[in-house]
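Letters A, B, C and D name the chains as they come in the text, with residue numbers starting at 1 for each one.
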Amino acid sequence: MSTPVLEVKGLAYAYPDGHQALFGVDLHVHQGERVALLGPNGAGKTTLVLHLNGIHTAGAGSVSVSGLPVEKANLQEIRRRVGVVFQDPDDQLFMGTVRADVAFGPANLGLKGAELDRRVMDALDKVGMTEFVDRPPHHLSFGQRRRVAVATVLAMEPEILVLDEPSSNLDPASRRELADILRSLDVTVLMVTHDLPYALELCPRSMVLSGGTVVADGTTYDVLTDDALMKENRLELPFGFDPRSTPRPAR
Amino acid sequence: MSTPVLEVKGLAYAYPDGHQALFGVDLHVHQGERVALLGPNGAGKTTLVLHLNGIHTAGAGSVSVSGLPVEKANLQEIRRRVGVVFQDPDDQLFMGTVRADVAFGPANLGLKGAELDRRVMDALDKVGMTEFVDRPPHHLSFGQRRRVAVATVLAMEPEILVLDEPSSNLDPASRRELADILRSLDVTVLMVTHDLPYALELCPRSMVLSGGTVVADGTTYDVLTDDALMKENRLELPFGFDPRSTPRPAR
Amino acid sequence: MHVPDGFLDAPTSTATAVVAIGCVGVALVGARKELDDKTAPMAGLVAAFIFAVQMLNFPVGAGTSGHLMGGALAAVLVGPFTGVLCVSVVLLVQCLLFADGGITALGTNILLMGVATVVVGWLVFKLLQTTMPKRLALVPAQAGIAAFASVPAAALLFVGLYAVGGAADISMDTLLTAMLGVHVLIGIGEGVITFLAIGAVVAVRPDLVYGARRVLARRELEIRSEVTA
Amino acid sequence: MGAGHGHKLHYHGHSVVHRAPAHLKILALLAFMLVVVATPRDWYAAFAVYLGVIAVVVAVSKVPPTYILKRTVVEVPFLVFALLLPFVAQGPKTEVLGVTVSQHGLEAGIALVVKGTLGVLASLTLAATTEPQDLLAGLERLRMPNQLVQIMAFMVRYLDVVTDEMQRMKVARESRGFNARNPKHWPILARSAGALFIRSYERGERVHLAMLSRGYTGRMPE
C-alpha cells in the first residue's frame, strides 16, 4: 500500500496545565479517503486535530503527513498541505474584512492580483457568502462566521482537509451544501463530528476516539450499528434515524 | 388567555454598524410552552434572543416578560426570570474555575454557603460535569464548555429558559440528556436550533424566523412537513429522517 | 512619571537617549534567547497589559503624576531582556499615539520606567529565588516583593536626573521626600497587582511565566494501550 | 478582533496629512520637537510661530480642533507640577498679582507648560491622522528592529482582544444579575481580571496559531 497521507503513531500529549488528553493514538488515513472522527466530548478529538499541522507538538510518538514528519523544519510545507477548520470560528478569523481574511492564506502562498481575487470569490461563493465580502467577520452571525472560516481554508486548496465539527451551527441547507462541496473536492478529508447521520452520509470510514485513544476503526455503517460500542462511547443515534433503513451511501 | 410570559411586538433592531437585523418581529410564548425557533443563518435568531433579557435594546417595538416591559428599571428582575444560554459558550464563561462560574449567578441572587454549594453541584450533576468543578473553564473541550454554560443558567433556576443552539458541539448522549433535562423542568423554553429532529422531539411548537421577521408559527410537525415553507427558508430534513414516519412525540 | 518634552534640559535628554538606546540594544541581543514563536504573542500581551495598567494615571501630592509601572511584572513573565523591550514599546506607543510622555523625552522615560524598574525588579526577584526554597507557590510573592522594590528605585533615578538636568532649582530634599513618599505608596499597589497577576497565571499556565520555568517539574506522559477494533 | 480599525485617538479622514507616509510624519514630529525643546525659554515669539505651524497642520488635516483639544488632558498631571514650581523653587523672589513667588520657578513653570503643551498638541495631531497599522509600518521603514516591531504588532492586536474579551465578560456578568456599582463586588472584578489575562492570552495565541496555519511567516501579505 502507498504511504498514508496522515500517519499518527503512539501519540501522547499533555496540556501545559498538566492535563493529559492523548494517551497513545495510532491512525492512518490514505489518499482520497473521507474519514469521520467520532467520540464523546473531551475525548481528545480537537487535541489530535491540532497535532496534524503542528499547532501542538507531540509529547510522545510521532505524526507525519505524506511521509513528512511534523516538526519545525517541515511546518511551512505541512501547513500548505493540511488545511484545518477549527471548531471555534472566532479562533480562525482575525482580519478586518471577510475578503482580507479569506485572502490571507492564499496571499501567504504568493498569490496576487486577479488570481488571488478569483480564489477568494470562488471560496466565498462555495459557502454562499459572497455578499458579505466587505463586512468585518466579527459582525456576522455565528453560522456565517463558520462558513467564512470554511472558506478561508478552501481558498488555500489544501491536499488534506481537516475539519473540526464543521456542520455545527450551520443551517440545514448549508450543512448539505458543505457535504456537496466536500464530496466534489478531490482531497483527503478527516472530519470530526457529533452528527452521526452526517458522518454516514459523507464518510465511508469512521474512527472512534475515546479517553485519548482510538477504540474503533471501520466502516461508518459497521460502527453505527455496533450497539455495544456505541453505548460505551456516548454515541447514540438521533430521534427518528436508523442507519439500517437508509440507502447505503455511494462511495 | 393568560398574559404571555414572552411577548414581542413589532421589534426592529439595527446593529451599531448600521446593519439592520430585525424588521418587526411579533411573537407570544405562554407559560410552560416549549417552542423551537428555526431559521437560516443570519435570520436574526441570536439578535432576537439577546433582546429577551435586555442585552440589546429594542430600536422599535417592545418586548415584555410576564407583562414586565424590558427596560432599564426592570432589568435586574427580568434577568432573574429569564436565563439565556448563549450560542458561544466563551461568551458565557468568565471566572477562573467551573465552580466559581456556576456559583456566580446564584450568588448574585443572594444564595450563600451550603445552599449555594448544593445549587452548583446540582446543576453540574445535571450536565455531567461534576468532576471538572475545579478546572478553569477555558481549559475544557468545546462540548464541555457548552455543558458548563448550560449549568451556569440552570443553577439560577429561571422561570424562562432561552437557549441558543444548545445542542451544537454536544456528543449524542449529552444531547439526549439535555433534552431529558429540559423536559423534566417545569419551565417555559424557547430554543433556537438548526437540528430539526431535535426540535420535533422536544418542542411541540415551532416558529420560523427569516430575514428578520417571523414567517411561520405552528406545530413543529406541520412546519417540518410544509415542503414549500421549508425550502424557502433553507430548512431541509437531514439524511435518513422523515417526520411522517416517526412516532408523534408526546406533549 | 511620564516625562514630557522640555522637562529636562537638552543635554540631559540627549544623554539619557544615548544610554537608553544602548540598553535597548543590549536587550535586543539578550532577548534572542528569550523570544520565540510562542513567546512573541506573550510579549505583545504583556505590553498590552502594561499599557492598560499605566493608563490608570492619577495625579498625586507635591507635583508629579503617579501610576503603576509594570516593569517587574514584565521581567517575571517574559524575562528581563524581553521585559525591557515590552516596556519600551509601550512607552513608544504611548508617546506617539497618546501624547503621554514627550518624543524628545522618550530616552528618559525608557531609562526610568523601562530599564530601571525591570532591572531592579529582576535582580530582587532573582535574589529572592536563590535564597528561598524552589517552590512554584512562592513565585507570585517573590514577584510582588520585587515589584514593590522597583518603584521607589525608579523614583530615585528620576530625582537624580532632575538634579542634573531639571529646569528649575527646587530643593532636592523636598523633591526626594515627596517622590519617595508617593512612590512607596504606588509600590505597594504595584506589588499587590503583580502578586495577583502572576498568581493567576502560575495557577493555570505556569509554563507562561519565564521566572517560574526553573521550578517547573518535567511531567511524565502515560501511554494506554487499548485493543483496536 | 478587527486588525486595527482605528483607535480612540484616530480621526478618520483622507486629507494630505492623513495620507502622508507615516515614517515621514514621525521624523517630522521628532525634528519639530527637537527644535522646540532647544529653543531658549524666553523666545516667546518663536513659540507663537510653533503653535502657528501646528494650527496650520491641524487645519489642513480637517480634524476638528476641539477633537484634539479635548485629548490634551493627558497633560494635566504635569500642569500641576508646573503650577507648583513657582512656589517650591528657590532663588530670587518676585511678585505676581500680590503673591511672592520664585522668579526662576515662575519662568521654568511657564516654559514647562509651553513646551509640554506644544509636544502634546503635535503628538496628538500625529495620532489623530495615523492608523496604528500605518504607524507600525512607518516605524518598520525607519529600521526599528524586527523584535520591537513584532512586539508592537502583537500589542496593538491584543489591545483589541482584551477589550473584546472584556466586553464579552461584562455581558455575561450582567446577564446573570451582576451589578458592578456595588463595591462588595470588587473582589469578583479582581478575580475575573486574572481570568481575563489568561483568556486574552489564549485567544490571542490560538489566533496566532491560526495565522501560522495559513502560512503566516511574521509579515502581513500585501
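The rule is simple: contacts are C-beta pairs under 8 Å (C-beta built on N, C-alpha and C of every residue); 3 or more make two chains touch, one makes a residue touch a chain.
Remember, it's a predicted structure, so these values are computed and weren't measured experimentally.
S.K.: Select, from all pairs of chains, the pair with the highest number of C-beta pairs in contact.
M.R.: C-D
S.K.: Roughly how far is chain C from chain D, going centre to centre by Cα mean, in whole Å?
M.R.: 19
S.K.: Let me have the rounded angstrom distance from the C-alpha centre of chain A over to the C-alpha centre of chain C, please.
M.R.: Comparing mean C-alpha positions, chain C is 42 Å from chain A.
S.K.: What parts of chain C, by residue number, touch at least two of the other chains?
M.R.: Within chain C, the residues that touch at least two other chains are 200, 203-205, 208.
S.K.: Would you mind listing the residues of chain D that make contact with two or more other chains?
M.R.: 157, 194-195, 198, 202, 212
S.K.: Check each residue of chain A and list the ones that touch at least two other chains.
M.R.: Residues 17, 88, 90, 136 of chain A each touch two or more of the other chains.
S.K.: Could you draw the chains as nodes, link the ones that touch, and say if you get a line, ring, star, complete or other?
M.R.: Complete.
S.K.: Across the complex, what residues on chain B touch chain A?
M.R.: Touching chain A: residues 15, 17, 19, 39-42, 45-46, 87-88, 90, 135-136, 139-144, 146-147, 165, 168-176, 194-198, 200-201, 234-243, 245-246 of chain B.
S.K.: Which positions of chain B touch chain C when the two form their complex?
M.R.: By the definition above, chain B touches chain C via 96, 136, 139.
S.K.: Chain A touches which residues of chain C in the complex?
M.R.: Chain C residues touching chain A: 204-208, 219, 221-226, 228-229.
S.K.: Applying the document's contact rule, which stretches of chain D touch chain B when the two form their complex?
M.R.: Spelled out, the residues of chain D in touch with chain B are 168-169, 171-179, 188, 191-192, 194-196, 198-199, 202.
S.K.: Using the touch definition from the top, list the residues of chain B that touch chain D in their complex.
M.R.: Where chain B meets chain D, its residues are 53, 55, 75-76, 79-80, 84, 86, 90-96, 100, 104-105, 108-109, 136, 138, 152-153, 156.
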